[in-house]
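Okay, so chain A shows up in both of these, paired with chain B first and chain C after.
Entry: the complex of A and B
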């Protein structure tokens, strides 16, 4: 007997998914196909604006091949790709190191305190990302508060120049900008862990650290992966953080190259090809995440 | 007749191969009695030799190769009454025209006014071409004119409505090389690309260096406080000028690669910031040395000088005529206008002495090419500090021997863009 054959009309439950499906089609699939069309299309001979090729039979692969060559060692995009991967990898690691304990801490509280802590966590969202990054510029300027404190406290009598092509600043800015997006899904995952499992571990002689290592951490692994994917994807395409915090070619990321080619000029197809290659690279991360979730779900069902 | 054709073909072949000059070809063809009949062919061949062709087959204008833009429709008739009611839309960079002056224009002609903005000339052209914006008048740069005319984005101008052009503007811009006869545009602002720096931080006497552009390649002492303009043309041109290459519209891959190599060499020397915020960072002192537009330096002094800081701490150097880039912006009538007469009156309004001077000194810092504005007068009136006289241009800065970044062929544009992308990738 089918669940929906009772009091609800047939097709009601699938209808709830309809807005989401329409949303997905209009705001993701159609734009993404437009990017594909631009990548394999041409440019208007007068205005130099993209002329997407909608028909796959008319696709021109020259730009894609040229862009792919650029990702080979020594190619045009090799250095910037490696730099982007390293920056995102480090920023993600720091986000996890800082964000996991915070999420864990919040999840351990009662509902009321948790609400207050959550409100504090989302407080920075009230200020736009751009403003928060500009605030960093003031903080880390050569005569900003950070350097004044470092010099005054003699921690660093001669403080570094944080904003002039310093990769540490860019990585820290990425961490600052994206960490709330990591904590929230992580918190949701930690919240779902059945507390009785921890009690059982303690009853079986596990100390708090051991209980965390053998119960909490494995059970939150899907949450870690999900949260990591959620922040890694936008970080890979970020271009304004390095622009605002550094502005130096030595810290530019792949997003800056995409921005340059899309911003104008006769090669929008290169920008679109870069976007597609980045999307394919990120699809690997996404696939691994989905595989892990499916595997975890299967294991729970089988138990 | 066959022999006659063979003779003509031989002459044309000789012209193509460079064995005979255009003058010789004309003389010989005239002797054969076919000169005028073959004029279009000759012109095409001559253009192939002398000039590159841009969008819509319009030759690419250069200061020493003026171009008369084709009229795609007739200008409006003289003596028509301006349209009233409705909204008059001005399409422009943000913060590039004083809203107060725009409002006054609206009051004068009893229409509502609206400023719609774009971030870059690419965005401007794209939005006009896709009809995303329906403007009455638009700001435009000379390097995009051929595109706008070939794509019928701007309308021809009837000069009868724009008497201020001849009355107030520098004679060198009455019939500029990019728009002979001012068929589509009136000039708006003029500026040079040069070097801006802080006297209190930079010790070198930049104007008296044998090659002032070389300061960027000798700026180890200012590492982290040096800036290069975030513009694919300007940045690479900086490197070309450093090497004494003055063909700044070159499409020679070797020249562009050499400029890229020089530009990349700057990274370990001074780790330059690549931005266009020098109008703020130089006055604030967060940057010591910046590749700079003259208008941004003046605008910086007018609007961004911290209270109590003497503007004399700022200096600007621009190269002599023909050795450094100059540029000007223009106004044109958008093809989408429903108020063509009023749009003409706007072009006249913008080159009114009072309006132009007010916009320059009290708003954007970008100089209009008015006869009434001279560096000496501005200094005498205390409008700019004496040390920034070099940031003010004169009519003589324009002319056939000036150098100006202009339209490239699509292939040339791709070469420049790819080279610039390699620089900003820090590879």
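Entry: the complex of A and C
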């Protein structure tokens, strides 16, 4: 790494970065502190609006303790928390089971088919998430094509109601919604694997299967973890998918609970505590991901 | 008679029929990665089919979204005098609100992000590392956390900004900024510094180097940033909803969201389809422009790679 202070005046780059950094401090860090302030603040007894506590010495831990107690077995959020984890876990597993082979197949293509497949793969990215959910709802409506097909083909002569508190539809909708965000980073990771390593493995007598198991899979592990984190984070906070697909309290997730406290009930401090707990819970995932990204960036920089 | 006998005589075909190929394909699961081919195509088709069907229903001749009643042309786009996108003020307003937010976001976030990317890539020191780390956070923060925190900030800290279009634009810029930084920084690393050094050696002032050398080289990245910011802003639901001021701030995704729980008409599909057309045209243009701008740079056979590179933006 050489120094290049010669070309540009000293202080030019910090000056360039300044507006963006100030923006992020004002509209990303300060808002996050507002959540903390509200979570540890009180509620105005007359107007029922939150009174945030900015000074850590004035923090009031009541609503946070109350919220945390809700996460214990038997508490208010225990069931929702378990349900969210199970839904996200299942959706993530299905995404990986479908997404990995697809990404693998496309990354191994060298012909023109690859560009076509890539374009088709990127297409859902450009269709709004809500539009795709709307399409899904129309298909799975009681008189929709899916039920008509199931009845017509006698696979399920009496098809179920997919759109009313059916956990299977919620999980499948999550898969349908998030899988493109998993495949593309995975594809990028698989694409980066040096093909000559595979050839070396074959030369040394590995069959295709063991070459995959001992070369490709370990080399793509970082990609798998990164892509999983990328879709798991928004899935944990998702509230619109379960609302659109099911709308029933029996399938509500953590995000729905937060949404409810802010848009329904006058308990913003509990909503803020829930948001904080969700953020802290996800912080572990985020930190891991940021660490690996920062590492990768440093490698690029030092090259 | 004789002609019929001639034509029905079994003839050995030089090419295998589709059915024959299919049975062979099933009979021999080895050789080509048949399972992968099948899975990939099933995935690709099932990821696109629902959207195609939804677009089909935007042309439905009836009020149903689930039963096809014939092709009605542009009835739900502008034909119907009450419920079409063009004549329903709420839908029309949502369309313009979405375009307005995406346009403003694009115009604010891109310059801000380009400058931030340049600054962060070359500024050294502790404050620089901290800023670099801060920049990555919006990419990995779940939208609901960002939505809650921004709405609480506007309610309690920046009380002079009420939930409004302004608040929505501020929110959109906050989450799109990092995407611009990631895209531009990638380009910055790939072009290196030789060009700028050469310009400086030949006597260009710092300002000339920036304007005449670096900026043109960054143009493709700036252009794809514009497009991606537009696309993610038009797609955004959560931030727009949390900073919404009510019906006046409704965007297309918010409309779709509230319509799916009510009894939607095909006009909502028409509205959603319009958005798809917009993005597809934008992508088509950006792809062509990007190819034009980077002609001669790309190694043969790498078509689409840059697209994936910038789409998998999380991947750095």
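Here is the rule we go by: the second predicted complex is superposed on the first by the 244 of 303 C-alpha atoms of A that agree within 3 Å, B and C clash if a C-alpha of one lies under 4 Å from a C-alpha of the other, contacts with A are read in each partner's own complex, and residues count from 1 in each chain.
To be clear about the criterion, contacts are C-beta pairs under 8 Å (C-beta built on N, C-alpha and C of every residue); 3 or more make two chains touch, one makes a residue touch a chain.
Just so we're clear, the structure is a prediction, and the values are computed from it rather than from any experiment.
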Which superposed partner A:260 touches (first chain B, second chain C, both, neither): first
Contacts of A:88 with chain B and chain C, given as first, second, both or neither: neither
Chain B versus chain C as contact partner of A:141, first or second or both or neither: both
Partner chain in contact with A:79 - chain B first, chain C second, else both or neither: first
Partner chain(s) touched by A:247 [first = chain B, second = chain C, both, neither]: both
Which of chain B and chain C A:43 touches, first, second, both or neither: first
Touched partner set for A:165, first chain B, second chain C, both or neither: first
Touch count on chain A, higher of chain B and chain C: C
Contact residues of chain A, present in both the chain B and the chain C interface: 141-142, 243, 247
For the chain B and chain A complex, residues of the former touching the latter: 55-56, 120-123, 125-126, 129-130, 147, 150-151, 223-225, 232, 267, 271-275, 286, 410, 413-414, 417-418, 420-427
Complex contact set, residues of chain C against chain A: 33, 35-37, 39-40, 43-44, 47-48, 50-51, 53-54, 57, 64-67, 112-113, 115-116, 118-123, 127-128, 131-138, 140-146, 148-153, 155-157, 170-171, 173-174, 177, 181, 189, 193, 196-197, 200, 206, 209-210, 231, 234-235, 237-238, 242, 252-253, 256-257, 259-261, 264, 268-269, 272-273, 275-276, 279-280, 283, 301, 303-304, 307-309, 311-312, 314-316
In the complex, chain A residues that touch chain C: 4, 6-9, 12-21, 23-25, 27-32, 34-35, 37-38, 50, 52, 98, 101-102, 104-106, 108, 110, 114-115, 117-139, 141-145, 176, 179-181, 184-185, 187-189, 191, 226, 229-230, 233-234, 236-240, 243-244, 247, 255, 258-259, 262, 268, 271-272, 275, 278-279, 282, 286, 289-290, 293-294, 296-297, 300-301
Residues on chain A engaged by chain B in the complex (per definition of touch): 43-49, 76-80, 83, 141-142, 161, 164-165, 243, 246-252, 256-257, 260-261, 263-267, 270
